[in-house]
Amino acid sequence: MEKKSLIEQIKAGKKAKGVTYTDLAKAIGASEVWTVHALLRQATLSQPDANKIGEMLGLSSEIIEELQTIPTKGHDDSGTPLDPTLYRLQEMMQSFGPAIKLLINEKFGDGAMSGISFHMDVERLESTDGPHVKLTMTGKYLSFNKF
Amino acid sequence: MEKKSLIEQIKAGKKAKGVTYTDLAKAIGASEVWTVHALLRQATLSQPDANKIGEMLGLSSEIIEELQTIPTKGHDDSGTPLDPTLYRLQEMMQSFGPAIKLLINEKFGDGAMSGISFHMDVERLESTDGPHVKLTMTGKYLSFNKF
Amino acid sequence: MEKKSLIEQIKAGKKAKGVTYTDLAKAIGASEVWTVHALLRQATLSQPDANKIGEMLGLSSEIIEELQTIPTKGHDDSGTPLDPTLYRLQEMMQSFGPAIKLLINEKFGDGAMSGISFHMDVERLESTDGPHVKLTMTGKYLSFNKF
Amino acid sequence: MEKKSLIEQIKAGKKAKGVTYTDLAKAIGASEVWTVHALLRQATLSQPDANKIGEMLGLSSEIIEELQTIPTKGHDDSGTPLDPTLYRLQEMMQSFGPAIKLLINEKFGDGAMSGISFHMDVERLESTDGPHVKLTMTGKYLSFNKF
Amino acid sequence: MEKKSLIEQIKAGKKAKGVTYTDLAKAIGASEVWTVHALLRQATLSQPDANKIGEMLGLSSEIIEELQTIPTKGHDDSGTPLDPTLYRLQEMMQSFGPAIKLLINEKFGDGAMSGISFHMDVERLESTDGPHVKLTMTGKYLSFNKF
Amino acid sequence: MEKKSLIEQIKAGKKAKGVTYTDLAKAIGASEVWTVHALLRQATLSQPDANKIGEMLGLSSEIIEELQTIPTKGHDDSGTPLDPTLYRLQEMMQSFGPAIKLLINEKFGDGAMSGISFHMDVERLESTDGPHVKLTMTGKYLSFNKF
Amino acid sequence: MEKKSLIEQIKAGKKAKGVTYTDLAKAIGASEVWTVHALLRQATLSQPDANKIGEMLGLSSEIIEELQTIPTKGHDDSGTPLDPTLYRLQEMMQSFGPAIKLLINEKFGDGAMSGISFHMDVERLESTDGPHVKLTMTGKYLSFNKF
Amino acid sequence: MEKKSLIEQIKAGKKAKGVTYTDLAKAIGASEVWTVHALLRQATLSQPDANKIGEMLGLSSEIIEELQTIPTKGHDDSGTPLDPTLYRLQEMMQSFGPAIKLLINEKFGDGAMSGISFHMDVERLESTDGPHVKLTMTGKYLSFNKF
Amino acid sequence: MEKKSLIEQIKAGKKAKGVTYTDLAKAIGASEVWTVHALLRQATLSQPDANKIGEMLGLSSEIIEELQTIPTKGHDDSGTPLDPTLYRLQEMMQSFGPAIKLLINEKFGDGAMSGISFHMDVERLESTDGPHVKLTMTGKYLSFNKF
Amino acid sequence: MEKKSLIEQIKAGKKAKGVTYTDLAKAIGASEVWTVHALLRQATLSQPDANKIGEMLGLSSEIIEELQTIPTKGHDDSGTPLDPTLYRLQEMMQSFGPAIKLLINEKFGDGAMSGISFHMDVERLESTDGPHVKLTMTGKYLSFNKF
């Protein structure tokens, strides 16, 4: 089964059942970001989680099983993203990455923020200046050690 | 004056004077990320901020003036970064970007998180599992409107 | 449904019904550029606008619904365009971009013209020297502020 | 003489003499965009225009002569621009280009907007919603004819 | 209808009817190059020309109509061509382009040869040294003017 | 000696002596295109031709000798050219190449136009519609033979 | 007919009939390399040769005709080859190319080895050190002449 | 010491002493191709060979020592070569590579021709059809074995 | 048969039969890495090995035969891998490659580790610090010799 | 100080003092790979290690200090390496990466081998079949967990 068609069936299920990503995340006790990430086939669901989501969205047993297999990660439309929403996210890291690195170096030493042992949240903030998007990312500090 | 040589002189000044990025950020009343970003010539300092930093680091008047001119942004070594610390930052957005977009769409509608009207913090968290890096990014929500 | 096939059905509808993009733009009270942009699945139509366009072009309810979902933006044939008409548009920005930036810097300060809060028009001008194409783009000025 | 060093000397001259691009454009009776474009060595100045600009900025005779020679056009940092201001300009054409093409086709036929016989203006508009940047581009329509 | 399949049907028609490109060009009163160019969907045929070609090649009415619509130009296998015949054509311009530019500059001033208002011929010359290919291209001179 | 600096000295010599490329081409009995091509270090001059050109332009003996050595061909700024004059030349071949190939195939068989045993001319034509650039390229037909 | 499927049918025919490339080459009086090259649709077979091969492999008349049409050359998986056998062949030329060029320059003058008027053989050599592959390529010397 | 400047001094030495690559190859008992390859810093000379070449070309002791150190291989101007002589060499392998692979597979099995345990010769052949370049490459067959 | 669909059927067979890669490797007396490598169509199975695997996984005779043919190697999703697991493997070689080369040079001379005559193992190590992955690669040393 | 010049001085120091990488690694109690890696400015030395190495190689105090600062990692000549020794190392991971991933998945679950918490050794093995290079890499297993 193609990733693309699997994702389309999940979106169709969400629409037919009137279920949001927030509902799905709550149901499996995970963050919203990770839940959507897994439904885009970038992570692997446990059997109970896959079953719960399958039930809520009315998915076929084939899809439910597929969601439990380990995917080859990465999105089909990777590279410099043409979608302006995706581009601005990547631009932030390209632009601020070197500043973040210098601060990690100053605060921790020669190391990196793990891209694997890490979690992320997306929130909506209201303000007089209109709504804002808040991203929070927390990752384990990994030190480059002598060996 | 080459960006590269300007940045080297700032680093030399920091070392000679024993000043941290945190000290500099406090002195000009800005976040640490923005302060380092500006010292990497990705943003423009006001005259009082440039003077204060120049004084703290013992910079020449030429550099102090340069820091007040609007730079062409972007880092010399942009592209897929080879430095593992930089790569992991970019990988997060490449990997989680589509999930973030779907959550913005669900929570806000068809729009994006501004890459310009935005701010970012880097913090060090301690835990029993070792230190963690925490990145917080907050950006104005920009809606794609009919026109 | 593939973007490509959706767009082909819209073109077929336009031809069958003898409707121009100008007609469609007037009917939904939007600019011509935005209307075509949305029909190329680069923007999201409201329900009443999608219904009106669906009616005028004789589109299926599936397409009408699709036009109201938020797309992943960007064109399939993006990159350096091989079509000479598209190429010249992009060449203008590549060629004149740095001059525009310097004028924005001189007239506004360190900032950018928003690519999201913005609108655009295409007009035909007649002159003794033959017809001319006039593009007008107006975008909110976004300032890079200290944070 | 390197383009880069020539441009730096022009910027230094502007600063030393307190002259704006607007002043320079008025002095030679050209648009602001074209004037900056030419000073970035993307167009060729006539002898009287080069002399006038040389005088206003206190340039050496070597630079004044150089400004009259035909340059190899294109900017050193071309490609996908990393500067957010430049990127947003290019993104507009990448994003709206296909819509513009369809409107040119509908209003004119099979042809293109000239990237050579063309002119452009940048204006600052004030509004209650903050300042806006207005770009106007007018180019000759070139038809793809049978031959 | 895919470009590729349309082109294959034209080739099949040519073979079935024993018609050459030269015959088709003569029938519509156009150059051979432009005729082939249009049949590869890089240009738009008028209704009478499309009808004539459709008749000569026994094409379906669907194809005949398609040939009258404005295509997105550019070939599927663009980029550095791997076909040695195509490569050598492109190599000539890559290799001799700067020399041509300098001669245009010397003979005309700061300008370009139009890639749109232009025509081209391919001829076979016989000589004692074997056959030669002769390409002739004539294009309007477009001047980069002050604006 | 760097190609770039050699070419600059040739341009300086041309200006100082008031000599055109046409003059140089006549003096060595070669076409204008080839002469400029060779002075851009894309071909090798014979000793008498290098001497004649050296004399006409007042070149040093070091340059005169250099012009007789076989260069590594190719221009420093090769790739998709950003200069609009160079781009349009390359666009012609990219756009019309497949049509030329089909005509070569129809008129000659399976073969190519040599990019080595070939010559080229650039002429200025006057017409009521303004000046035109005429390029003529003649190359040996090379057949792909069974071996 | 897709190249890929044509090639698969040729391979299937070879297997079914127990015929080697060496057998096919002998049958049409050509070298083995050229024969395989042509069966990969990089060259054009004459009618008698196509018939003979069609007969030996039990090919359909459609394939036999296709083998006589002039292909667009180049392999689908061109670029830096990931197959280690293909990579090592290309690495040799990338690595030794400049040395070959200097020897051609020393032995012949400013010219090239033709990539069209050329032939190639692949042989198996036995030695005490195990089998060796021997490639022999002979191509016409083409001189870059003044024109 | 830069590779580029080392190579220039070797060329200067050859010219000053009137020595050919053939002479140098004979003196050190190596093939011409390998000798030039080593002088382009793609291989390492033994001490006696470096001394002999240094003596014949009048090289400094610094260069003679440098020629005995192991270089990082690869040419500065690698990639798709713009020099027509280099391009044609690479085109042969790109074009004929898959045919060679199939013949290696048929004659040897699943393996490759070594790009390291290999040697190459360049010869000049005279014929009534003009001079020809003959390349001979012999490499160890390396089998992909089960492990 | 497409590689992709062949691989999917192997995975389906593994799941249906409850067989691990370790089981398959033991059955054919090969390492686990090579066995998976071959099942991904990067190596060629002998007839008995293909039969044994076909039997264990319940594969069709068509697949069993396909596994014995020599594939074009390389993975469809080659290039900079987006999958974090794959990326980290490649990053190690990109990052440590130059250090490995210098150690090979110091310990062996001017040569390389064969990428063909080589074998590799993947093991799981347990430790108090959690599980570790151990990769062992052993390859023949190939010397760059004078020829 | 440029990385390149720093590395050259280290190599010069090694040669002058007759010290091997093995000697340096032993002196600082680190593996050989990591030691060379750090001397290529891909890792940071502690003060005592930098002093010890500086003493053994006779380095200036400026270099000794530089070796203790955190570098931007990545090699200048990264990308597809043209050096055959480097290429073969990268080819192994490109070729075997997917097999390694499947084995990690089978033996550990959905996770990766850390590219940071990891170590590597290079050894020389002697055998009747000639010397072999043995690479051993051990890295922490990082699990992709639900968050």
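Every chain is named by a letter (A, B, C, D, E, F, G, H, I and J) in the order it is written, and numbering of its residues begins at 1.
As a convention for this text, contacts are C-beta pairs under 8 Å (C-beta built on N, C-alpha and C of every residue); 3 or more make two chains touch, one makes a residue touch a chain.
Predicted, not measured: the structure shown is a model, and the values here were computed from it.
Counting hops only between chains that touch, chain D reaches chain I in a minimum of 2. Looking at chain C and chain I, the chains in contact with each of them are A, B.
Both copies, chain B and chain J, contribute mostly unmatched positions to the interface they share, with under half of the numbers common to the two.
The greatest centre-to-centre gap from chain J, using C-alpha centroids, is found for E. If each chain is reduced to the centroid of its CA atoms, chain B and chain C end up 32 Å from each other. Averaging Cα coordinates per chain places chain E and chain H 42 Å apart. The distance from the centre of chain C to the centre of chain D, each centre being the mean of the chain's C-alpha atoms, comes to 23 Å. Per-chain Cα centroids separate chain B from chain E by 51 Å.
Counting partner chains per residue, chain D shows two or more touched chains at residues 34, 72-75, 78, 81-87, 91, 94-95, 101, 111-112, 114-116, 118, 120, 144. Checking each pair of chains for touch leaves A-B, A-C, A-D, A-I, A-J, B-C, B-D, B-I, B-J, C-D, C-E, C-F, D-E, D-F, E-F, E-G, E-H, F-G, F-H, G-H, G-I, G-J, H-I, H-J, I-J.
The residues of chain B lying in touch with chain D in their complex are 72-75, 78, 115-116. The residues of chain I lying in touch with chain H in their complex are 28, 30-31, 34, 38, 43-44, 46, 49, 70, 72, 101, 105, 109-112, 114, 116-120, 142-147. Those residues of chain A whose C-beta lies close enough to touch chain B in the complex are 20-22, 32-34, 36-37, 40, 42, 73-75, 78, 81, 83-104, 106-108, 111-115, 118, 120, 122, 124-125, 129-141, 144. Those residues of chain C that touch chain E in the shared complex are 77, 81-86.
Taken together, the chain G residues at the contact with chain J in this complex read 80, 82, 84, 87, 91, 94-95.
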